[in-house]
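I am attaching a structure below and will ask some questions about it afterwards.
First chain written, first letter: the chains are A, B, C and D, and each begins at residue 1.
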Amino acid sequence: MVTLTRSYGERVLKNSAVMLVQCPDQKGLDAAIADFIFQHDGNILHFEQHQAGEERFYLARVEWDLSGFQLPLDHFPEKFTPVAKKFGMHWGVALTSYRPRVAVFVSKYDHCLVDLLYRQRNGELACEIPLIISNHEDVRRHADFHGVPYHVIPVSKGTKREAEVAQQRLLGEHKIDLIVLARYMQILSPEFIANFPQRIINIHHSFLPAFIGAKPHQQAYDRGVKILGATAHYVTEVLDDGPIIEQGVVRISHKDGLDDLVEKGRDLEKVVLSRAVRWHIENRILLYANKTVIFE
Amino acid sequence: MVTLTRSYGERVLKNSAVMLVQCPDQKGLDAAIADFIFQHDGNILHFEQHQAGEERFYLARVEWDLSGFQLPLDHFPEKFTPVAKKFGMHWGVALTSYRPRVAVFVSKYDHCLVDLLYRQRNGELACEIPLIISNHEDVRRHADFHGVPYHVIPVSKGTKREAEVAQQRLLGEHKIDLIVLARYMQILSPEFIANFPQRIINIHHSFLPAFIGAKPHQQAYDRGVKILGATAHYVTEVLDDGPIIEQGVVRISHKDGLDDLVEKGRDLEKVVLSRAVRWHIENRILLYANKTVIFE
Amino acid sequence: MVTLTRSYGERVLKNSAVMLVQCPDQKGLDAAIADFIFQHDGNILHFEQHQAGEERFYLARVEWDLSGFQLPLDHFPEKFTPVAKKFGMHWGVALTSYRPRVAVFVSKYDHCLVDLLYRQRNGELACEIPLIISNHEDVRRHADFHGVPYHVIPVSKGTKREAEVAQQRLLGEHKIDLIVLARYMQILSPEFIANFPQRIINIHHSFLPAFIGAKPHQQAYDRGVKILGATAHYVTEVLDDGPIIEQGVVRISHKDGLDDLVEKGRDLEKVVLSRAVRWHIENRILLYANKTVIFE
Amino acid sequence: MVTLTRSYGERVLKNSAVMLVQCPDQKGLDAAIADFIFQHDGNILHFEQHQAGEERFYLARVEWDLSGFQLPLDHFPEKFTPVAKKFGMHWGVALTSYRPRVAVFVSKYDHCLVDLLYRQRNGELACEIPLIISNHEDVRRHADFHGVPYHVIPVSKGTKREAEVAQQRLLGEHKIDLIVLARYMQILSPEFIANFPQRIINIHHSFLPAFIGAKPHQQAYDRGVKILGATAHYVTEVLDDGPIIEQGVVRISHKDGLDDLVEKGRDLEKVVLSRAVRWHIENRILLYANKTVIFE
């Protein structure tokens, strides 16, 4: 129940901690959490609480200043567990100073990769990117420019399992917290996905659930829609059906050919994907009923 | 091939004519049209031409000033037909001063009806609304306020054919040019639809083709999308599959319950539907390959 | 310091209370508030806390369920005051079941008035509208349709003071909580404004601070902007300088004449103004440093 | 009057020509242009004509296929001049195959530069970028990555004139058609600007005319606006007053600090600037009354 794993980052490194909590709603939850932090001399910076569903399931995100906080984070689980048990909380806490380790998967389209690397370098994304995995050589020069190791693991029908084994070995070696599929054009196996629950983010170049599957731009063009979409979502076993984290749209018209859709889509995909990644690494996302709750 | 039917309207009544043309592309098309108008002393106000598809199908909209134009519109077809035949044009011409006759169909939700009546009254929609047809009494007071006859024709499983006969009699009596389904909750029969090709506009409260069919807000809520849509389209025999005229979107979040979706959807549906109706009555829409070309 | 005045409304009338709090930040604030509510057997439905400025000023909104709450709201101030005093809180509490009393001021443009009345009638705006005040007869029929008393108080240079006296008498008689200037084209005197601090909302038809003052659409047209804006703000003594509550925009192009700007502006103004009014009557707005904090 | 200068580019290099025309409106303009092209066996691909102002000034863009066109573009001016003189046209024609030569000016913020280089490399911007000029060394590595010469010309109060002389020498040597100020933080002298009329595009990080001058993000933050803007415009002698080419906006809230505004602004500035540059190099912009007409 207790996971002291992923952490929270911001441009200016704050000396703070973040706790995410979910459980059935009961009286006294906010008081119990706020009291616990106060009793150990913490100053709460943000407290946001939401209730979901008809049964009003409780979901909360609390961030507090660690200066003067009397409880070392190492001892936090031990002390907080009695409180958590009393309310049946599912919870996790993380340090702002920890930078999650992100692996980017990419194929031939480089726009999302280039964008993620740029944002990571300028501090917008408070994470490490220790490696990039691709099934092609094509975009290596961007990895080289940013000094990120670039691993090519080709994938063909017969070698998929073997490729995934190699990928998972690398992910393990680099202690990867999050996998970002930045227009990676291979479908991962259910076994692979099961190893990274709520830890794989994909960008789909349509307004899901419209245009599920292959060639969404072609589908959008053929249907004559007036608005183009992009969707960042967690990857689950069912294709393009995982919890949606973020979506964006842009207007198109009859003047836009398929090439224009691709170009307009690029700008959209970059922004939507980077926002989803950011929310994840800043511990702003909770899941409830296959939907995301975003504490912006 | 020649139809001297629907017309063009604007806030300030212009003394102008609009021609819509489509045909396979050939050299000399623009010159032939522009020359014809110039030879009869017309001054072209707007000329916009688009090419669609890989074969570059020609689609154009031309509006010209009628002051000083030497050819009465009555004689236009006779004189222009030789030009049109030479190029194999499918065309139509209309007077700005003609106000299309629009029938609004409505059930119990009144927001689109109220909006259309308001826009028609203040001059945004240059059309007549000689009647409203509903399967319920509920929204009559808005019709009364604006002095528009309100006809209740109940529809049940057994009486659908009979109801449609009554509806079509009214539409015929009032020489209706366009039917607007302003959240009308009955599905029209293929026979009815066939009588009004490209002359029925519907508003669907989702971002088509996502959430086709009933209860799109519930579907959107259950899927956890981050953006809500609305779609105005021409009605064809296949449900929610007709050419899309306009779409709009609004952001939603986990904080929005189903009620909020309904409320946010209302604002969207009004704007999207009224824009589609306006483009239609101002002769700004051409169809090609089940898609619309909008000459804004 | 204690005001038990305005209240909180929602579509489904909830039996809940809302507290807004602001004060210098200190440790223990969240705990103190959450504890107080818990000790009286209240169940917190929403807790959102924000910190503003470099000194991290504390701003919070708390809503809790009153079923089972052991403290009658009448006695709330007496009991809560010691807590408030300890932290130097500026605070207020309101019942969801109280519907604020709103006076709408209007001149000749009726679109915002019509929109507000419609939203109030369908339950989107949980308020009473006991009267409309205008300096013209023009839009009376909409008031009549909704059965709202419509008072005409003409305003000319010489009669402004006298007119304001008459207006304030009406406002007092009807115990008005909030004044909404729905395209009211007269400038209120500083004395009038001083009587309703943070209780007058205006809609300005531009993206403030661009195009301050008269004829913003003309100014926008002359400058050739590509985006049109609208701004809802609290009225203060300095023209168009009060705290901004909400803004909206719509794209325009060289094809849009001044008339088109007016039409596109209407759709914008309605949505922006109604959102601001809603947030106000639902007690979702706090002020800090001439800026608004919106607890959506 | 005749300028056979800038050209037109697209992803797939089309063998076409583009003509931009403006003059007082008269009957027969469209016919004269379309006839001229038809007589020389050209097939018009796009014809769009707009009328501006109360006097209905004529503005048009025509693009035609050059396959089979009987008039070499070298001889075009000679042949077309009689037509142009008759109507008093101000006009220009350009080949699609010509790629305008663009100089990018930059200071320390690299996001717009990186974006422009990326779009030029992937074909979205059909231009050459033969050089980058900066007053700082900071962003040289991006120029190196793309293999574009990077010239540092420091600017201080005393050396401004001298620096501009050096800049203009480089621009002349490289036959630069267009200067793009990609967050270049120096103000150019009126003399410099006069040498490049309608040939310098700047990105201003606000919704002009709001927040003219220095530190627009700080100004926006202090005013508490709810929407952040960016504006691409031609540079004229009056600061931030040139014709607006494109604007974009993004929502912000009280949760966004100044740093967030800077980050959200970056995404906006990139998209807005690149769109303006593209329209310029594709000959889609005409000027009328200090405003732009965009033939999208």
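One rule holds in what follows: contacts are C-beta pairs under 8 Å (C-beta built on N, C-alpha and C of every residue); 3 or more make two chains touch, one makes a residue touch a chain.
None of the values given here were measured: they were computed from a predicted structure.
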Which chain's centre, taken as the mean of its Cα atoms, is farthest from the centre of subunit A? B
Indicate whether more than half of the residue numbers at the subunit B-subunit C interface occur in both copies; give same if so and different if not. same
Just give me the whole-number Å value for how far the CA centre of subunit C lies from that of subunit D. 43
Taking the mean of the CA coordinates per chain, how far is subunit A from subunit D in Å? 38
Which positions in subunit B touch two or more other chains at once? 50, 255
Under the touch definition given earlier, write down the residues of subunit C that touch subunit A in their complex. 25-31, 34-35, 37-38, 41-51, 56, 60
Listed in rising order, the residues of subunit B that touch subunit A in the complex are 50, 52, 207-211, 223-227, 229, 243-249, 253-255, 289-294
Residue numbers of subunit C touching subunit B in their complex, please. 11-12, 111, 114, 118, 122, 124, 145, 255, 259, 263, 267, 271, 296
